[in-house]
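Per-chain numbering from 1; labels A, B, C, D, E and F assigned in written order.
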Amino acid sequence: MGKTISVYRKGHFNAAHRLYVRDWEFERNKEVFGLCNNPYYHGHNYEIEVCISGSIDPVTGMLINLDYLKRIIKEEIEDYFDHKNLNEQVEEFKTLNPTVENICIVSYERLRKKLDPKYRLRVRLYETARNYAEYGE
Amino acid sequence: MGKTISVYRKGHFNAAHRLYVRDWEFERNKEVFGLCNNPYYHGHNYEIEVCISGSIDPVTGMLINLDYLKRIIKEEIEDYFDHKNLNEQVEEFKTLNPTVENICIVSYERLRKKLDPKYRLRVRLYETARNYAEYGE
Amino acid sequence: MGKTISVYRKGHFNAAHRLYVRDWEFERNKEVFGLCNNPYYHGHNYEIEVCISGSIDPVTGMLINLDYLKRIIKEEIEDYFDHKNLNEQVEEFKTLNPTVENICIVSYERLRKKLDPKYRLRVRLYETARNYAEYGE
Amino acid sequence: MGKTISVYRKGHFNAAHRLYVRDWEFERNKEVFGLCNNPYYHGHNYEIEVCISGSIDPVTGMLINLDYLKRIIKEEIEDYFDHKNLNEQVEEFKTLNPTVENICIVSYERLRKKLDPKYRLRVRLYETARNYAEYGE
Amino acid sequence: MGKTISVYRKGHFNAAHRLYVRDWEFERNKEVFGLCNNPYYHGHNYEIEVCISGSIDPVTGMLINLDYLKRIIKEEIEDYFDHKNLNEQVEEFKTLNPTVENICIVSYERLRKKLDPKYRLRVRLYETARNYAEYGE
Amino acid sequence: MGKTISVYRKGHFNAAHRLYVRDWEFERNKEVFGLCNNPYYHGHNYEIEVCISGSIDPVTGMLINLDYLKRIIKEEIEDYFDHKNLNEQVEEFKTLNPTVENICIVSYERLRKKLDPKYRLRVRLYETARNYAEYGE
C-alpha cells in the first residue's frame, strides 16, 4: 500500500441563494426544492475545506506553502463569494443552480486553475453543519 | 449569595438579510454597514440559545418542560424566520434594521409573550460562530 | 484521475447500551470491555454522518434530493434508535454486540436497502467526539 | 462597577438514565417525560463546565490551581458518574429524578464541599449540545 | 429587572509560554506549575471572546460597529500576541506570569483603553477548549 | 465494490515549535515561513485523529480494542509531545522541520511500529481548527 500525504486549509463566506430551475413552473420548483425555492432568497454561513495531496519537499518539510494556499482561498473563494447573492451576483450561477454540489464544483474549478497540476485537489463545502458536499480527484 | 438555576435550549434557522437605514444615501449606508449593505442580500445560518431561569418543581425535578420550550422555539423562531428574507418577509423588520442585536431583541419579545412571567428569560443569537448578541433580564 | 462528487447529511440519537459477549463469564467481559460492560447500562449521544456518492443531475444540480436523504435518516436511524436501550429494544442487537463498529454497520444496512443501487454509500458513526467508526463502499 | 475574575474547566462522562416520578402511573410519566421515560433507559455524553470566581494570587497569577480543579472534577464527577446508570447506581438519584437540572445541582453540591468557601462556584451541565442547565451562586 | 443588550466578537492567536515565578527554585515551580514550567516553553491556540454591553442606537440598530470592534481586537490582541513567545516578547509578561488569568486581564486592559467608557466590557480567554478565564465589569 | 470498516480515536497535546531550515539565512527563512520562523518559538493545541482499518472480530464485534488504541496514543503521542518544545526536546525534530506535515508523518511512524501489520493506519494532525495534515496507507 502506497502512502499519501495531504494538507487541509479552511475558509468561510456568507452568501444568499435561491434554488430553482429557471424553465420550471413555480409549483414544480417548490415541490423539488421546498423552502429553498423562496424567491426572496435565504442564506448561509458557508465553510470550505480544501485538501491538497502530493509529496513533501525534503528540505522545507512542506507539501505546499500554506500561506500561498490561504491566499488563493481568499482570492478565489472568500473575496469572490462573500456577502454576495450567488444567483444574481456570481457569474457561474447565472446559468447553474447554486446547490451545495454546484458551489462545491465551482469552487474546485476556481482553485484548480491556480494550482500546479502536480497536486491532487479535493474540496469540501459545508452549507450548514449538517449538510455538505465534496468534489475532486 | 442566592443560588439560581437555569436551563438552556438551542434552535437554528437560515435566512437572508441586508443592513441599511432606509433614509440614508447608499454611500453612507456603505460606509457604516460595509459589505452587509449589499442590496442583493447575503445570508447566515443563525443559531439561537434560549436561557430560562426560575425554580425547580421538587416532584418532577424540572424548571420548565423542555418539550414545551422546544415547541415554542420551533413555532416562534424557527418556523417564523427559517428560509426567509428578513427585510422583505418578516413583519418586525419592515421598519427595523435586522442587525444581530435587533434579531436578538425581536426573538426575545416573541418568546417572552409565550412564557409565564415567573421565568427570567435571556436570548443569545449567533449570526456566525464569531459574531453574536445577547438580550434579556 | 476521475473526479467524484459526494453529499453528506448528519443525524443524531441518544441511546443506552452495554458491551459484552453473552457466552462469556462476567470477568472475561470486564477484562475485554472494561467499564462498557456495566450490566446496568450506560449511554451516549450518537451522531451519524451519511455520505452518498454518484453523479449530478445536470438540470437540478442535485446528486440526491437532500430532503429525501433527511427523511430516510429520520425513519431508518433516528426514529429507530432514539431513546432506546440498544441491547434490549433493537432487533439487530439481540444477537450482535452494539459496539460502535456494529452500530455503524447496522446503520449502513438499514440505509442501503432504501437507496437506489446507483449510489455509493458510506456511514460514519460517532459514539463520542473522540471515538467513531466508518463503514461502506 | 467592580471587576471579577473567573476560571473555567471542563470534564465529561457517559451515563444512562430514565426520567420518571416513582409515585406516578406509567401513562402520566409518559405524558410528562415523553421518550425519556423509557423503562429500559437511554443515555448521553454529558459535559460539565465548572466556573470558579475569586481573586488572583499576585505571586503565582493563579485564581486556583487548575491541576487541583481538574483533580476534584475527576474524583467527584467523572469517576463517580462515568459509565453508570444514574437511577440505579448513583446514591443521590435513588430519590431524585436525574433531570439535567438535578444532575447539575448534585454536581454543584459534590464540588462545593471540596472547595474553599472563599470561591464562588457555578456549574453548567450539557446533556446534549442543544440542552443544558446551569446552577450556582 | 432591567434588560441588557450585549454583542460578542471572537478572535484568536497562537503563542508560546512558560509558567513560573522568577524568584522561586526550579523544584518549587515544578511542584506548582507542573508540565507548564518546561523551561523550553510549550504553546497554545488561544481564542478570545470579547463582550460589549450598552444600549442600541435606535437608527442603526447597532450597539457598537462590529467592524470597529473587529479592528481593535486585531490591533490590540491578535497582531500583538500572535506567533509570539509571551514571556520573552510581550512587554506585560516581563514581570507577570502569563497564566490564562493574567493573559485575560492584560487583554481586558488593552481593549478597555480603546473603548468609550459608556460600554461595559468583559473578556473571555480560552487556553484550550477545556480551560479558560473571564474578566471584566 | 468491497466494503471497509474503520475506527477512529482522537488525542491531543500542547507544544511549542519554530519553522525554519537550519542551513538557510534568517531572511530566507522569514520569507518562506513568515511568523512561524520566530526564533523565540510560538505554539499550538495539537489534535490527533488516528484511523485504523481492518476486519471485525465476529465474536466481540470489535476491529481493535479501543482501550489499547487509546493507550498507545497516550504513550506514543500525548506523553511524548505534550508540553514540549518540538525543536529542542523531541528527538525526531532535531534534524527535521516540525511542520504539520512532518509531525503527522512522525506520529504515523511512532504508531505504526506498535500496531499489528494487519491493520491499515491513517493519521490526521490538526495544528489549528483551520490547518491540518493527513498521512497513511
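As a working rule, contacts are C-beta pairs under 8 Å (C-beta built on N, C-alpha and C of every residue); 3 or more make two chains touch, one makes a residue touch a chain.
Note that the coordinates shown come from a computational prediction; the quantities given were computed from them, not determined experimentally.
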Distance in touch steps, counted as few as possible, from subunit A out to subunit D: 2
Shared interface partners, meaning chains that touch subunit C and subunit D: none
Shared interface numbering between subunit F and subunit A [over half = same, under half = different]: different
Greatest separation from subunit C - chain, by CA centre: E
Inter-copy rotation, subunit D to subunit E, in degrees (Cα atoms; steps of 5): 120
Subunit A and subunit B, separation of their C-alpha mean positions in angstrom: 29
Distance between chain centroids, defined by C-alpha means - subunit D, subunit F (Å): 34
Computed distance of Cα centres, subunit E from subunit C, in Å: 41
Junction residues of subunit E, two or more chains touched: 129
All touching chain pairs, where touch follows the definition stated at the start: A-B, A-C, A-F, B-D, B-E, C-D, C-F, D-E, E-F
Complex contact set, residues of subunit E against subunit D: 19, 21, 32, 34, 96-102, 104-105, 120, 129-137
Subunit F contact footprint on subunit E (complex, rising order): 12, 14-17, 35-36, 38, 40-45, 82-85, 88-89, 128-129
Of subunit B, residues touching subunit D in the complex: 1-11, 51, 56, 59-63, 65-67
